[in-house]
Structures are given as C-alpha cells and as structure tokens.
Amino acid sequence: MTGLDLDTARKVLDSQPFSRLLGARITAFGDGEAVLEVDVREELRQQNGYLHGGVLAYAADNSITFAAGTTLGPAVLTGGFSVQYVRPATGRTLLARAAVVHTGRRQAVVRCDLLTVGEDGAETLCAVAQGTVLSAGTS
Amino acid sequence: MTGLDLDTARKVLDSQPFSRLLGARITAFGDGEAVLEVDVREELRQQNGYLHGGVLAYAADNSITFAAGTTLGPAVLTGGFSVQYVRPATGRTLLARAAVVHTGRRQAVVRCDLLTVGEDGAETLCAVAQGTVLSAGTS
Amino acid sequence: MTGLDLDTARKVLDSQPFSRLLGARITAFGDGEAVLEVDVREELRQQNGYLHGGVLAYAADNSITFAAGTTLGPAVLTGGFSVQYVRPATGRTLLARAAVVHTGRRQAVVRCDLLTVGEDGAETLCAVAQGTVLSAGTS
Amino acid sequence: MTGLDLDTARKVLDSQPFSRLLGARITAFGDGEAVLEVDVREELRQQNGYLHGGVLAYAADNSITFAAGTTLGPAVLTGGFSVQYVRPATGRTLLARAAVVHTGRRQAVVRCDLLTVGEDGAETLCAVAQGTVLSAGTS
C-alpha cells in the first residue's frame, strides 16, 4: 500500500520538465504496472524518420520507475536498465508497458515492453527492457 | 577505414530532430571513440531538479552508436545497451564518452561513461553503459 | 522451419561438456521456447548454501541460446544477456524458461525466467534475464 | 575499510562449492578490484571446443561480487549484471578482471573484462560485463 494513484502519478510526471518536453502521459498506474505514452512527432525522430532510440530509452526508464513506484512508494531511485531494440519504431504513438516481476522492501525488478501503435490501431513491439529500482526511503 | 570524420558525424547528429531538440553536439569522433555533449537546462530535468535519467539514456544510446560508426561505417543499427546510474546528475554539461572495446565485421561492443561537468569544470561520473551495435550493411 | 526438435536439442546439450558437468537437461524445445533444468546439488552452491549465481547465469545463457535456436537454426552465437537476481535460490530443481520475443533473419531477442521448484513442487522466481542471439549463418 | 584481504577472499571463494567445481582461484583483491582465474579444461567447454559462455558468465558474476566486497564489506548481494561476448573463448586460462567504478553506502557498480591467456601468454578479450552489487548489511 503506497498511497499512490493515477492522479498522483500524473502530477509527478507533469512535474518532470523533460517528460513535458517529450509530451509523455501516463495512462495506467497501479498494482505493479504503469503505462506511459508518447505521441510520435517530427521532433522525436532520428535521421531516417524512425523514432529515436533515445525516446524509447526514456520511455523504458520512466515507465520502469513508475511501475516500481506502485510497490515501493514515491521515494525511488532507478538503479539502471537494459534495453534491446527489436525493430525500427514507426507509428502514431509509443506505448511503454512496465510490470514489476518482483518487489522487496529495498528494490523492485521490472520488465517493460515498448510498442508503437499504428494509424490502424495495430500494436508493434519495438523494444524490450528490464531494470532495477531502489527504494530511496531506506538509504 | 570508414570514410567518416567529425564534420560528417556533426551533420548526421544535426539531421536527428531529437538530438536537436535536446541540444546535443558531438565534440570527438574517430578511432573507436565518440564524445557527445548536452548542456543542462531546465527542460531536461526531472521533478527533483536533477537531469532526467532519460537524457542520460539518450546520450548513452547515441554516443555508443556514433562510436561504433567510427569502426563499422555509417550504416549501423543499435542492438541495445545496459545503463547503470551511479548518482543523481547535476552540473552544467553532460558528457557521454563512448569507446569501442571490440569490433568485428558484423558488430561492435562499446562502453560509455556518462559524466557531468560542474561550474568549476570538475567532472563527476553519473552513469556507465555498455551496448552492442550491428552493421546494417551486411543484413 | 529450422529442422530442429527436442531430440536434436538434447544431443546438442549433451555435446556440451560444461552442461554435462552441471547436469543440465532440456525438457522443452520448439516454437520460440526452450526449458532447461538443473537439479540442485551441493557442488552447485555458494558459501551460504544457496544456488550459486553463476549457475543461474549459465542457465540463462544456455536457455536463451536454445530458444533462439528454435527460430534461427543451429548455427547461432549468443551476443550477450542481462540478468537480475530477485531472491536467493533454494529448492530441488532450477528451471530456466526462455521465450523468443522477436526474431529476425539476423538475430533473436529472448527473455528468460529463472525459477526454482521446491520439495512441494511450488515454483519460485529467482531471477529474470533478457538476451540477444545472432545467427552465425549470415556472418 | 572493509577488513578484508586476499587471504580472506581466498577462504570465501574456497567455501563456494561451485567455485571449487570450476577450479576458480582469486589472484588479486583490494582497492575496488578483484581478479578471478579459471584454468580451461575439457569439462568447461561447449560443443565446438570453446569455453562455455556459462563459465564466462560465472566468472563475471563472481569477480564483480568480489570487487564490490573490497568496498562494501563481506555482506553483499549481487543485484545483476550484463555481459556481452565479443569472440569465442579459447586459451589456457580465463581471467576475469573486475573494478568498481562507483561505490556508495548501499551499492557498488562494477565493470569486468573477461580475457583468455593463450599458451604464449598473450591476452585476448572475450567478453565485457557490468553489474550492480548491493550491501546486505543495510537491508
């Protein structure tokens, strides 16, 4: 019981200037899970027109942290993560779906799927990530 | 011999809209190494005033890719990377120093140090990363 | 269609002296998935009586490689993997369940759950991994 | 100041049945660094005669943990690591050289080079790793 809900998570996300710069929104938060969305726009691309890997890495990092916040509470520090890209990312919206696979008192381990949603609503997996988040409360 | 130099690398970076949004510049490129810099500004922060982890992840991803480009040539695909954060990032400028540890015909493995430079010029390590970049030319 | 089946996979595993040293067996192989099992015995422990992390890392590495073999064929090279331990491993048998999340012509990305089975048959998650396997055939 | 020295580290390694099974020895320990060695023998190979990736993963895991022990003390838990293989491992002896890149009160981040030493004494890089070790004392 962390006392956090989707409204609180939205306020935290909105208090991150970098998340506002990217236009990220959080659409699910609770029970070990968090979903972050970023609408694809020109400014987020790389030189070949695909979504820049750095945007996917941002979305992995942040969705992993939020998912861990549902079990560890608001005071968390992301320890790190690993991301593997599986195909170039195109589409209308990037979705980062993160889910805690194990949580203890001190840390949570979280997996994340990064998908894009096309104009037709079809989802395509673009990258997978897994990371570790530490509770800052016990530091 | 990839035929790439710092000027070419700057043009590639400048052709990435997301790198322009972040204000990234490349200050070294060659012989298995690349250095990317991002000046810290309000828009790149998270809610506690530190540089957002997603900015560090972007800088890791992109500097690793550029370093691999010095050995694999311009047609590369980043396979993925792992990043571990070691302390909250503050300072004036973020530096991502990437160096190839091994390159073959098909892929390069690259390590990256992420540091911030303070107002006094002192460098502080904030994160370390390691990743894999594939040559797209042989696919 | 790789022309591989569980019998062939068992022969490959049996031709790995290190897998015989550890007593590994493969119990499922096909359609992007592989399951590797190792019975826990004294020789596989660390100093506190838990299964050594190196045994889990071996099982992650090898099950990821076999799972990729179901889609890429027998000539594969494991590029690397990331493993996060979530709790000390005890029990009767270690299970490594690997599943391909994406496969292309040149590489597969694979996730793996590492669980132990207790005396009562209950499964406990001990670690999670994700890795990349390259097709050696196109090199 | 952890009160640990090379003799103590050797005793800890010798109290790990799995490290004895593999024939590992520790040849350096202190000041954020640890070196683990494993002589290559038939039992440690995979099907093509190379050292099994699981042996390299074991050596990465264990040398990272020992290196962290020089700064965090004896009560540590390895959180996880990422390993990238750069070439098939052959030679006489495997060397895992681990060095702490940052240590705090709660965790250390460690990098590791995995090399083989040939009959002629030449060293060849086979894999690189980076991992995180938690202090168990504050849990």
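Going by the order they are written in, the chains are A, B, C and D; count residues from 1 in each one.
Basically, a contact is a pair of C-beta atoms (placed from the backbone, for glycine too) under 8 Å apart; a residue touches a chain by one contact, two chains touch by 3 or more.
Only a predicted model underlies this, so the values are computations on that prediction, with no experimental measurement involved.
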Is the number of contacting C-beta pairs greater for A-D or for A-C? A-C
Looking at C-alpha means, what's the farthest chain from subunit B? C
With chain centres taken as the means of their Cα atoms, state the distance from subunit C to subunit D in Å. 21
Please compute the C-alpha centroid of subunit A, do the same for subunit D, then give the distance between them in whole Å. 32
For subunit A versus subunit C, what separation do you get between their C-alpha means, in angstrom? 28
By the touch rule stated above, which residues of subunit C touch at least two different other chains? 79-80, 82, 84, 109, 132
Considering only the defined contacts, which subunit C positions touch subunit B in the complex? 79-80, 82, 105-107, 109, 132, 134, 138-139
State the interface residues of subunit A toward subunit C in the complex, per the touch definition above. 82, 84, 86-87, 101-102, 104, 109, 111, 125, 128, 130-132
Note: in the complex, subunit C contacts subunit D through residues 12, 15-22, 42-47, 52-55, 57-62, 65, 77-85, 127
